[in-house]
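Before I ask anything, let me first share the structure, which is written out below as structure tokens.
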Amino acid sequence: MKLNCDMGESFGTWTKGMDEQVMPFIDMASIACGFHASDPLTMERTVKMARAENVTIGAHPGYPDLLGFGRRELECHPEELKPILIYQLAALDGICRTQGTGIEYVKPHGALYNKMMVDDCTLTAVMAAVQAYAPHCPLVVMATPDASRIRKLAREMGVQVWFEAFSDRAYDDEGRLVKRSVPGSVHETTEAIEQQVLQIIREGRVTSITGQSIPIEADTICIHGDSHHAVEAARHIRSVVNAQ
Amino acid sequence: MKLNCDMGESFGTWTKGMDEQVMPFIDMASIACGFHASDPLTMERTVKMARAENVTIGAHPGYPDLLGFGRRELECHPEELKPILIYQLAALDGICRTQGTGIEYVKPHGALYNKMMVDDCTLTAVMAAVQAYAPHCPLVVMATPDASRIRKLAREMGVQVWFEAFSDRAYDDEGRLVKRSVPGSVHETTEAIEQQVLQIIREGRVTSITGQSIPIEADTICIHGDSHHAVEAARHIRSVVNAQ
Amino acid sequence: MKLNCDMGESFGTWTKGMDEQVMPFIDMASIACGFHASDPLTMERTVKMARAENVTIGAHPGYPDLLGFGRRELECHPEELKPILIYQLAALDGICRTQGTGIEYVKPHGALYNKMMVDDCTLTAVMAAVQAYAPHCPLVVMATPDASRIRKLAREMGVQVWFEAFSDRAYDDEGRLVKRSVPGSVHETTEAIEQQVLQIIREGRVTSITGQSIPIEADTICIHGDSHHAVEAARHIRSVVNAQ
Amino acid sequence: MKLNCDMGESFGTWTKGMDEQVMPFIDMASIACGFHASDPLTMERTVKMARAENVTIGAHPGYPDLLGFGRRELECHPEELKPILIYQLAALDGICRTQGTGIEYVKPHGALYNKMMVDDCTLTAVMAAVQAYAPHCPLVVMATPDASRIRKLAREMGVQVWFEAFSDRAYDDEGRLVKRSVPGSVHETTEAIEQQVLQIIREGRVTSITGQSIPIEADTICIHGDSHHAVEAARHIRSVVNAQ
């Protein structure tokens, strides 16, 4: 079970995330590509950090919306979305290549990730971009109880998918994430995070916010690294995963 | 003698240039990369247009300054400039690769082009970016009477250079372009443009604004395509060059 | 019946619209405020042009989306939308004040205009911004057969409204604009535009795309000025309106 | 002697500065206006914070350069700079007015501040903007041993000036700030900061990095609030100033 984390989300003189501290504990670094966060110098630095820790690099493209950090839904025609994604994948991949590496997976960010999970048009455009620029890269999507729609589309588009579960977010009874505005939507304690991670690894299930057991088959688990607390949780989850 | 032209300088719903009309007359399309102009969809469309006319594609990166169209000097530390350029080269090259082609040269834009011609630090950063991402790509620089400084640096950096002359700009006695604010700095008639092109091709010289004959050895000539008049001039220059 | 037109939609070196040519034919200039189009220098120039022709100036604020020209729907929390609008109103009004004038109405742009017409949350935020910064300014909204919802909210918020009809857009049977993607959605001939303008002025009605007569009570009619054809249509509509 | 501090320098989801913690200790809040930092919601929140602590609000406009945080020199024609500044002053002032207050001074930011101190063209454009939009607002400039040039220009332009000294930056023998890249350019200890503040207040002088005593007559002292250490220093300087 691989741990992934969003990385390279600083912008110019504004810093976000504790990339250097969390990098040693993860397997996959999803690096922002300059549209919702990051900039060329930040990307280069983050790629170097990932290389130094032998962490696999993935592209983390988003909507062109710095002010909203790519978290706001933005109407985007598939014909426009595809080159927007190719541009971002290629830019990060190019920086990787000058550092002797390359992107090895693609995970969309924020509102784009959410949209792709509910809108076939958007998912098709995302897959078309991956297929066109980086056919060797799996696309990371959210693991849900029924992945048949995504698996079918992926087969048609010729794209490999990896399924992702979340270590610190509460799930509802349909296997979706509980919205951040709902109390209890984010696990605050390392214990709660550990428990969810172990359940995903050992049982392929999560316990929903109402207590239901939900099947969630994941290839990778998403953790966070944007606070001292998060770094500590990352260190702990790393040791828990290593012990399995 | 190859004709090059800046292309893909539209942005979102704002159009600039008559790319479709001028593409048939040029050999090299220098396509903007989204920092001073262009956007992913515009880049994709421009790459397709160039492909359809068998025009060689070059990256035309600039300073991150949409409002100023990359024409304003912007203080930019070489350590930051290098990834800014790699990012742009890779983004355009990636879009090219999804269209079955790739960038084949690099020509910096506007204030970055001017700065590189007078500042070794900037030129070194530009060459380092080309060498790191696209070592097969020549860097297009301005042809001047004495190219020894640039040739020496290029050898040291392992970068090939192509020298460029201008079809419609007046030169001063040192072989530099006369500033746009000076009357007579831009040749307005097709005849004047034709005469300068022929002199560059046949003699390797231009006649300066004061009447001096200046040696200018060029591999390519820059033309413009941003008005109906410019398209007509392009058509004419194409036939003049073909007739040599 | 007053004629209004979107103005100041250039951005940096990219021009859009034929502001200078159309200004003499309109009563109200809705000037973009730098978020979806325009920039401070363009705004200053456009204000000067409007002043020179004694045209009333209105603020034309939009979503923060240059790339999409404010035409893409963008999720925007009302708490954030309100200061986004106040910022734009104040910026344009400030430029007006340095030219001895001020904004006299507010007309939202593009996707924001459309959203406000169907979403009370958005309309409330728009009215709150107008009320907070420019309580003397009417808000321009789309004239529809039933304006009771908007009138009621406007009374509650203490905002005056002006209703707007469109000279060159086809209406559906509910009195909404036919989407641009539908054939026949935009009147192409000066005759068709003239006919719709006359019907609005004389009868307070439009004929829908299916031939129904729809009541539309308007205070102002929106015309366009972004092509040579549009400028000619503007000149003609001006004379038609003057003759009433 | 009034203490001023840069405020409102967050952008979207990126935070910078500890505005809430430092606000109680200052007299003047120089609030960024959205071009080099800040956004409408951040500006509104910062204005509310300043109001709650009875802190005087000033506009802190900068170059349009988010990526470089307004710290990079950017070529900007005076004709363009003036509306760029008016736009920013008016935008912040408008937000203030919706909160029952207004801007009471203007202090340019970063590279614009530095440029204005050495370039008359830039200083004239800055003064012209202040005079046009906010003639009641003093312009904050750097206190230097010889202020005659600035005083003369200010008289001609009809603008009042306030002179500013720096609490935590080392001065050279000409009374200019030592560049940040030079060791010792920033005072790291509260004691060193206190000593410089007391010398400015009591003697109207600073001791340069080489030990020279330099006359610096200041109306206000700039402090920083971007770290826990800085907040503690601010608290201490406040009590030192109050005790004078």
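By letter and in written order, the chains are A, B, C and D; residue numbering begins at 1 in each of them.
FYI, a residue touches a chain if its C-beta (ideal position, glycine included) is under 8 Å from a C-beta of that chain, and two chains touch if they have at least 3 such contacts.
Keep in mind it's a predicted model, so treat the numbers as computed, not measured.
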item: Comparison of C-D and B-D by number of C-beta pairs in contact, larger one; value: C-D
item: CA centroid of chain B to CA centroid of chain D, Å; value: 41
item: Chain C residues counted as touching two or more neighbouring chains; value: 67-68
item: Arrangement of touching chains [line / ring / star / complete / other]; value: complete
item: Interface residues, chain A side, partner chain B - complex; value: 34, 40-41, 43-44, 79-80, 83-84, 86-95, 97-98, 132-133
item: Of chain A, residues touching chain C in the complex; value: 64-65, 67-68, 72-76, 111
item: Chain C-touching residues of chain B, taken from the complex the two chains share; value: 10-16, 39, 66-69, 71
